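Here come two complexes built around chain A, the first alongside chain B, the second alongside chain C.
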Partner chain A sequence: MLEARLNQAQDLKKAVDAIKDLVQDCNFDCNDSGIALQAMDNSHVALVSMMMKAEMFSPYRCDRNIALGVNLVSFTKVLRAAQNEDVLTLKAEDAPDSLNLVFENSNDRISEYDLKLMDIDQEHLGIPETEYAATISMPSAEFKRICTDLMAMSESVTIEANKDGVKFACSGDIGNGSVTLRSNTNVEKPELSIDIELTEPVSLTFSLKYLVNFCKAQPLSSSVRICLSNEVPLLVEYGLAGSSYLRFYLAPKIGDEE
Partner chain B sequence: MARTRSKGGATTTSKNSKETSSTPANSKSRYVLPEESSNPPRIFILPKKATKEARIVSLLNPRYAKPTRYLVCPETGVYELTQIAAPKTTPRSWLIQYGGGEDGEKAQEAKLGNNTEFSVHITKGADLFVATPIDPVFLLLPAFIPSTSTSSESKSEKQSRLFVSSDDHLDTIQQSSPHQWEILRWGKIRQLFESRMAAICETAQAGDETMFRFSEDKLLAELLAKAQRMSENPLPKSMEDKFVTKALEAPVLGIKRAAVLQTETSVEEKQTEETATVSAAAESGASTPKETNSTESQTSGNSTATAPTSASDAAPELAPTITASPEVIRLQRLRIAFQFLSSSYIAAGYAATLRQKLSSTSLVDFAPLDAYLARLAQLRQEAAAARSVGDYTRKRDFDDEEVAARAEKKRRHDEEEKRKKAGESRGVRDLKKVNTSGMKKMSDFFKKK
Partner chain C sequence: MGGIRITSWNVNGIRNPFSYQPWREKRTFEAMFDILEADIVVMQETKIQRKDLQDDMVLVPGWDVYFSLPRHKKGYAGVAIYTRNSVCMPIRAEEGITGVLCPPNSTTKFRDLPEDQQIGGYPQEGQLAGDVDEATLDSEGRCVILEFPAFVLIGTYCPAARDETRDDFRLGYMDALDVRIRNLIAMGKRVILTGDLNVIRSAIDTAHIPKQIRMDKTTVEELFSDPPRRLFNHLLFEGWVRGQRDQNRENPVLWDLGRLFHPTREGMYTCWDMKRNSRPANFGSRIDYVLCSDTMKDWFIDANIQEGLMGSDHCPVFATLRDMVQIDGKEVHTKDILNPPGVFQDGNRLRDWTTKDLLPMSAKLIPEFNNRRSIKDMFFKKTANPKSTSTSTSTPTPTSTPAPSGEPLGDSSKDLVGPTPSSTSDSSSQSGQPSSQPVSLTSVTSPRTSTSSSLKRTPSTVSNANKPSKKVKAALVKEPSARGQSTLMGFFKSKATANSSADTVVEDDQKPTGNLDGVSDTKNETDMLGSQTARVNDNETKNTHPSADPEKVFDPIQNKESWSKILGKRVVPKCEHGDDCVSLVTKKPGVNCGRSFFVCARPIGPSGEKEKGTQWRCSTFIWSSDWNKSQQTT
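Coming up: the complex of A and B.
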């Protein structure tokens, strides 16, 4: 039996909104530590991993491990019925056929939905803790803007991090462009500061389409953490309340730079 | 030509009446059906010329080496019985009435049966037995042709090569042909048998007795003469259509379409059909003679009907590439007739030997037919090849069921696709178009748990 009450429906709404553009169906794995999700896109070059820890919810109860197989488009449809500020409660039985959602707003309006579940056969990948060569923290809006701007020029972007800063560069048919950021600290608004931690310079190329897709999670958090290392996937992490997170991994483009 | 009367009905009816009268009437129902007779009357069509002394006896079937019923008349010879059965899908019965009143003979017969109560009878099956004359040569054949199933193989083999009296020859099949001795004592039967034996044997006079030695060549000549007689006129329609007209029909090359896919394997086909028919008869054992199942003949009739129509679609302005000459048609008829005879009346193993002999014999020259068939096979091959390359009319070949199955499959496929699309967000759809070359799979970086 699962029962999880979320004070702000928007946390789940936005997360599902962001994931639904990357994967179609996936399992929400519920256990006593929280609700986790891991899924790859159709081409298996990107991976999304979400962890909503138990402390995000009040209360949180999950007696047994339950996998809630959900079609994310359908889930979005249901979640759209919830206001951002609604209190959202997820309920499911031990071997559920459907997921029960209750949205309560402050005006005592209670709406209740049941979402049919499906059996999804999914493989789980073990993701090791990695020491990245470069870790960049920046405002999520900034990252989104860079990606969408460069997307107009090219399909892929080269992210180059060195001691001078981080440079997003691209070149396409109509020309080329780049955005360079230097690390700076905003004392008044720490979420707007740019922080670059570097152990060694790296330069990697990624598909912009995928990055833009990741940026759909921007409303979840005001800042984003981008971690790069040679020969490993790029990590884009949006922090949620507490130590919960929404992470995207993307394989770098190797070889053909066109 | 033939008169209908029922045999055995009289005896069964009287027996039956006793049975029914002894059973106490059931009080629950006003009408009680009498118990089913264990030996119901059967309907026969018997030749008019057969005398009253004619009897049904068991003799050895030349093809299946099993005792089978034949009608033997001491004066006019032997008749084989053919059962005509209604197809199982459309059950029928006979309503039999004895002594209809006007017919004096029938009335008399009913009197003989000494029972007026059973003047009307309903049978379960609508089987009809037709007696047709059969050449006793065929009945004698088992005595000369060693069949693998008989234990006296070596003996008969030896005997067939020696000049032996007719009695000694017939002795070899004594065991399996129970009524043979009996009928040989009847009227002209013995005389008839011996004269027919002479037709397939070389004879020698030893005193006042005639001795016989089996001759394959004479048998072949005899069979061929029968086949020739049979092929003088067109064969029965279903046979003519299937094995002569269709087998010789040339593809119409004008529209690159093999009109008929039936190849010259028709010969084998025919044989399988024949065995099918007869295995049914064999199942019913010695009690029923060769059974002509009308279901089967119906279906084969249907299949023959379809092909010519499809061919005639194109016929008006496009003549087939080659046509069979009367000579070829005659030869094909002869061949089919011969095959029919040998597959009906001659043991399977020996029929093959005979066919071989036929191809090497000088009695008839099949060369024009063979040449025509070879040319035909080639034409058909060409037509089939031309057709498979780029034939837009191919669709016609699918029958309705197939078309329906296809449509269903397509519909289901479409539906599934639609559903899949509905469950797919725009983002996911867009990502499918992304060029992911040079990007490794996630499973290359992260190991499966």
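Coming up: the complex of A and C.
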């Protein structure tokens, strides 16, 4: 039996919105520590990993491990019926055929939906904890802007981090462009700070289509963490309330020089 | 049966076949090509834009693909050639028939490339007769040319005979095709021309001849003297040419393989009119071909059409090469000469296909698809892991790895993070790992697998297969409602008639009740008379109650009837077979354009005409307006 109550429906709405274009169907794996999701996109280039810890909910109750196989397009349709400020409650049986959602607003309007579930056979990848060569924290809106701006020029972007800063560069049919950022600390608004931690210089190329897709998670968090290492997928992480997170991994493009 | 098969298919939309059996089962191109048993697949009318190319059509495992897509028109024409990497590997690839296009990421035309990089045989100045310039001819995505050491393969989609405005383009294109082929053969190259050529060769290749002769008051000779057919026959051995052969086309150069293996077969058609449903009775034409040059005529063991395979308004056609062929009197393994030197020797593979073998034209090199790396390869696969842990926890078997999850994870992370010295520093980081993220994952993962064993979760492909059926359902539901909508006009009309008839009914039957009056009446009744049941009975059976206001009276039966006329199932006329007719709309411009009519629902017969007294479409024809009138009067 699962029962999880979110004070703000928008936390779930925005998260599902952010991943629904990347993944069609996936399991929400629920256990006593929270609700987790891991799914690859069709082309197996990107991976989404979301963890909504039990602390995010009040109350949270899940006696047994339950896998909720959800079609995200259908899920979005149901979530659209919730207002951002509504209180959202998820309920499911132990071996559920459907997921029950209740949205309550402050005027005692109660709406209730049952979403049919599906059986999804999903491959789970073990994601090793990695120490990254470069970890960049920056405002999520800034990252989004860089990706969309460069997307207009080219299909892929090279992210190069060294002691001088981090450079996003691309070159396409119509020309080339780049954006360089340096560490800076904003005392008044710490969320606008840019922080670059570097253990060694790194330079990798990624598909912008995917990065722009990841940026759909921007409303979830004011800042984003980008981690890079050679021979390891890029990690783009949006922090949720508490230590919950929405992480995107992206396989770099194979370098031309070989 | 061995052999290397070249299949050509006008698919009428690259995904179109997936709506049909057997292609809908797997819905992958790999499976489609395996069912076709083909090694080279030439598709026409892909009707796709570059931006809409998807992973599943470009990154087909074990196959490479070359596209020619229209420069301007969207979702139009388009040719693709798929090659099976394990069998053949072209040495050059080009787009367009004239050589004026440029390779990807280059501004040098194919025809201007150094000789060792070009396929050659481009039309020279003065060779092309038509007015249409070369860039225009090649702007519609109609031709992909691959060169193998053994031969040049031209896969093309020739323009169809549509109307006079396109005649110049069509003839110009065929002229360019003719010139290029003759030039290539003159260079000493073998040529295979395949595709939807949109031209019939002789009377045996079409069912339309009798009607055309009758309608146009012409002769068979006339019909095959029209310029495109005449030109086509010039190309072919055993082609029929009236009078003197044209200049520069003194000799035929290609064999029609389908005909070569089936010299007298009638009804060997590859294309049918889908709107007239002429495929069941095989009222069609043969316009898809595999043709080859004279020096390789004996290389083939089979050529045929696959009229039984659905998926398009055309059927696939194919020709199969022998495993061993004769070149200059010497037996050669075909695979040796379908690959660059050094890949095959005596039919045995010497080296494997690698991404370095991709030609610049390959669609896999389009930036979106290029240099892809799978995230699966980068992360350690976990699927096997929970199993081994579960077995090791329940029964510690000596065969399974003693350390459950820590070790494989540690190994993989070592491999992955190898280059960064900080992370590989010591084994303590490895042992420390399980405590953090991986453990939370395993705890999430392992229950999932346990449920999967108990519940037998169905694979996602099944759920995918469910989706289309849903769509079909929705479409079915939609149709009647659309019909209901169309009779809204009828609603207004029938209301008027219902009113007038209701008046007469009131006079005759005196049977008033209705939504408004009914309520007020019964109220009156209960209030004033008390004996409710009796009164209602009275009201219903004897109908003596006088209506308060005759104009507002609605007869419930009338009402129901008129509603059911609107919302009920529409009555359609029967044809001569006694079956329901289908409703169609006139598309032909003229006074009747837009009018709908009913005709027999059966497919058109082998005569291509409506037939009397046969199982095929009968001559029933009723304008919908006439039918509706007749329905109202009865």
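To be clear about the criterion, the second predicted complex is superposed on the first by the 255 of 258 C-alpha atoms of A that agree within 3 Å, B and C clash if a C-alpha of one lies under 4 Å from a C-alpha of the other, contacts with A are read in each partner's own complex, and residues count from 1 in each chain.
Here, a contact is a pair of C-beta atoms (placed from the backbone, for glycine too) under 8 Å apart; a residue touches a chain by one contact, two chains touch by 3 or more.
Not measured: the values here are computed from a predicted model.
For the composite obtained by overlaying on chain A, chain B and chain C cannot both be accommodated without a clash.
Of the two partner chains placed by superposition, A:Arg5 touches none, neither chain B nor chain C. Touch criterion met: A:Leu22 reaches chain B, while chain C stays clear of it. Of the two partner chains, chain B and chain C are each touched by A:Gly126. When both complexes are overlaid on chain A, the residue A:Ser229 reaches chain C alone and has no touch with chain B.
In the superposition on chain A, A:Tyr210 contacts chain B only, with no contact to chain C. In the overlay built on the shared chain, the residue A:Lys167 is in contact with neither chain B nor chain C. Once chain A of one complex is fitted onto chain A of the other, the partner contacts of A:Arg145 are absent, as it touches neither chain B nor chain C. Touch counts on chain A: comparing chain C and chain B, the chain ahead is C.
Contacts of A:Ala67 after superposition on the shared chain: chain C is touched, whereas chain B is not.
Comparing the listed stretches 55-63, 235-243, 307-315 or 415-423 of chain B against chain C after superposition, the clashing one is 415-423.
Note: residues 25, 40, 42-47, 71, 123-128, 155, 207, 209, 232-233, 249, 251-256 of chain A belong to the chain B contact set and to the chain C contact set alike, using the contact criterion stated above. On the chain C side of its complex with chain A, the touching residues are 55, 59, 367-368, 370-383, 385-386, 405, 408-409, 412-413, 416-420, 422-423, 433, 436-438, 440-445, 447-448, 450-452, 455, 457-460, 462-463. Contacts from chain B toward chain A in the complex involve residues 422-428, 430-432, 434-449. For chain A in complex with chain C, the touching residues are 25, 27, 29, 31, 33, 36, 38, 40, 42-47, 51, 64-65, 67, 69, 71, 95, 118-133, 154-156, 199-200, 205, 207, 209, 229-233, 249-256. Put simply, chain A touches chain B in their complex at residues 20-25, 40-47, 71-74, 76, 123-128, 155, 207, 209-210, 213, 216, 232-233, 249, 251-256.
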